[in-house]
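For reference, the structure discussed in these notes is given below.
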């Protein structure tokens, strides 16, 4: 069994949850999507996140999705399971299930409530106690959605106080200064190292890597780009990494539209053959004909860019 | 079977969900709490709301709580079930279950998202279509919690467009002008009547009744006051109704503290013998020793007020 | 010259700014209102706050209002001037003016921005440096309006780090636990004492005093009640203090409606002869005929309560 | 005198306000910056906006900045002045001043407050009445900053009801569907045309133009790109327009970081010789050495892209 740890790096793709036209969980597409991600060379997966529409699944469906993906992955890469929940009991129960099925760790965001940092700190202590010390935790810092900002200082305090918090999913925006602050403030005499994987759709990935991030954790529908950028950057060729990134940036910034972006992402995944149907569960975003045409234009331009990039290299 | 309708009035108490010291749903206390509410003379109950910690229950627990309360009530009063959920599928499924078990209607708040009123309007159309026309709906307008304000104009539009939306749970604050606007704008040539029950812990109940509200829907731990105030007011004695209200106002305004108030409410319910344990599910508010002493002082003062009130009458 | 300090206690009334029917600053009413407050026995005044509609005044008007009040007060009681501003230059300039005119200190709220506490801490350091060490500062903690929560820990840190921050205007809600935390955490070996005056319209004043608050800073239109409650409580008769408070609670809780409450407050001040016109500057709240009648009813009930109270005592 | 109208199109650059190292308004740089913008071929300017740090200027400074820019422009292009203010009196007074000095119109955002659309609609009616019918208004729709969302339906209602509202500054995000809805819903039998200029740093400019936007209103520090993209697109070559856009996208998306982005923008303007000093007024963002190096790298890559683009054309 592989667990995430303080040195985990690479690309953890955030997985969509595919549905059929009638809105049922599409198990065949779960398999094909998992294969697609594996084929793109991702280092790991993160499932049942916001992008996975986890909050629109029944508890049984959520467990079913987790089981099926974990079985399909079959230990080849680590899988983190999103377990955030308004109540600790449900959080603990889903975590236990996920770890039993072979998850590499769990991801937890702070609960809504007064945005005071000592409340946040207290909450993560409660979470760690509930989970027990053997479950590695990725702290999800996504204030745009949770409404709960967390300073770098609080993240570092939690890194010291809760040994099982080994990874930060960084998703504050603007957030580049925070990457630097957490990177520079960890792996010191007082504070252990913490792995930093960055979200925000990848919008600032080259800058984040230059500031010491260990990779990406996001759901961009061209995961091979994330993989290639991280690999190239970590191999020392920051310029080439950024050239690759820039070739995809037009569609990446289009996909990175809060809420609406999920429909775009699923449409691209369907276009690429990874899933059979791009439907999101209601109430969810849908593409109009205008949106579809706009997206297809961006896809065509992206593919032309990528072709040129490989010829130019 | 009784359904809520456009003329429903009185006091629908919002029920707490009792837990044992170990955090399990306390079925015995569910029964005693239901009996307590019935003994207070409430007109109806609303269950699985925010105050019922519905979002910390598993789906099975939620259904179990609803079933047990509905069985205990046994048709003596109408029961509304809160079914708000991020996804329509889960909302529809819980509604179907509740109506099958004998609920009188369901309560639905708008989903989080951009606070644009045409989105809200579209959402309630989706909800009504998903539920089918036979399920009466109480629209919950609670922007402090949902982050989604709804104008009186939009409420009236939905009253016209969705015949099954028969009741407004009014919980905007400040919101007295909205009570007037909805009351005066409904029961007109264009717009059907809509029942208005008011929340906000009852903090403005005398004013709301004077402006035409049909009663209260809130969870104040002295439900007999709400019952007596509404009955006395509807019998035409607004002054006496307000005297009764004022006697309880010190503890009512104390209980009406967002978040923290639930711990107060459960402590009072335990003090009054309605439930065995005042625990909330984690992460939830807890009373410190200082809080406890402060509350006990308010309880003693309230009881003295009430004694004086009955002597003075 | 009296300055506010770490031991300041009593009632600092937050002053309204009176306007004429045409919307001009009403200088005559400024004088009569100041006299009214002095006649109520307030310990101090706080001017140019949110309730003073400071953000709708021109810079010249704001200075004119401050000068006129300070001249009228003529050193009899300390006056705090609200100087919060998006920019430090304007804040510093108004502070300098106010102190020159005889203010006892200035009140500063955190600027809007990411609600991270190290940003808040940094901001107050900037403020103190800009003001120079001789200007006493009252830190305004009002997250419902500023959108910036501050934990008790951060307030105590600032109390240690910035010697000129001598007073907290406490206005978080729910906020009783914070009163206790700041009270218990200050006047220790590490942390100096900080004066705590409480806002929120006075809604929890008896509880706040019991937890160690030094008094009130709010604009309730019956300031004599605040004065009497604080004096009676500090004289050791908490029960009598709370009886007085409860007699006014119905109208106090009515006045304490965010936004709308300012129109209520000015209408009461006009009713009591303290100002000539209850107009607020546009865009601002106005009372409808229904609102007026509702308020007059509450005023009549309050006066009856107060009469009964003095007979009963 | 040129006024903005329903058919205004092109690029209105949002002007920065330059300060000296000591924080004073830098009048020489105001002139050089104005010349720089004119040299880039912009169609118009928008001054005293959020990006112009208008809320950190004194009233006198704001008027001085407006006068100086208007004098420097000398009627060559239309200038819109941002006049948003918490109070109508100040808004009206600044508008009067600006129009007297030769402004082409004013820009107004909704005031903070309950995010209910009938309040917003009422507010714009108040604004138009206060300004009088001869002042053309650009409605600024920027909910990320104002906290007040406005639906396309409300914008179209205001377009019908207030003839002087001739332009929308579109800055909702995600907001492409809103561009389409306003474009398709205006210039109909019932609703007059409204000019749509788009903000958001230009992040979706090619898509916005394709959906019928009339141009851009944003402050990107390479205004010549905005000008060229809009001109090329309006000339019918959407592909070439998007190629130009994409060459600048890496730095554009970097500049488009809320709050922090202003420091980036001013640093680029200084780098390009348009202003003498990149300082923002406190409390404001500053670049660290890491930020500076990161930015310089992006500038170098952008210039290389642009060179390649012109060679390739």
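In this document, chain identifiers A, B, C and D correspond to the written order of the chains, with residue numbering beginning at 1 in each.
The working rule: contacts are C-beta pairs under 8 Å (C-beta built on N, C-alpha and C of every residue); 3 or more make two chains touch, one makes a residue touch a chain.
Model, not experiment: these values are computed from the prediction.
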If you tally the C-beta contacts for B-D and for A-D, which one comes out higher? A-D
Farthest CA centroid from chain C: chain A
Note: chain D sits from chain C at a C-alpha centroid distance in Å of 38
When the C-alpha atoms of chain A and chain D are each averaged to a single point, how far apart are the two points in Å? 34
Just how far, in Å, is the C-alpha centre of chain D from the one of chain B? 46
Can you list the residues of chain A that touch 2 or more other chains? 114, 259
Interface residues, chain D side, partner chain A - complex: 173-174, 176-177, 180, 203-204, 207, 210-211, 242, 246, 249-250, 253-254, 257-261, 288, 290-291, 294, 301
In their shared complex, at which residues does chain A touch chain C? 114-119, 143, 149-153
List the residues on chain C that touch chain D in their complex, please. 23, 53, 55-59, 85-90, 93, 111, 113-114, 123, 126, 130, 259, 281-283
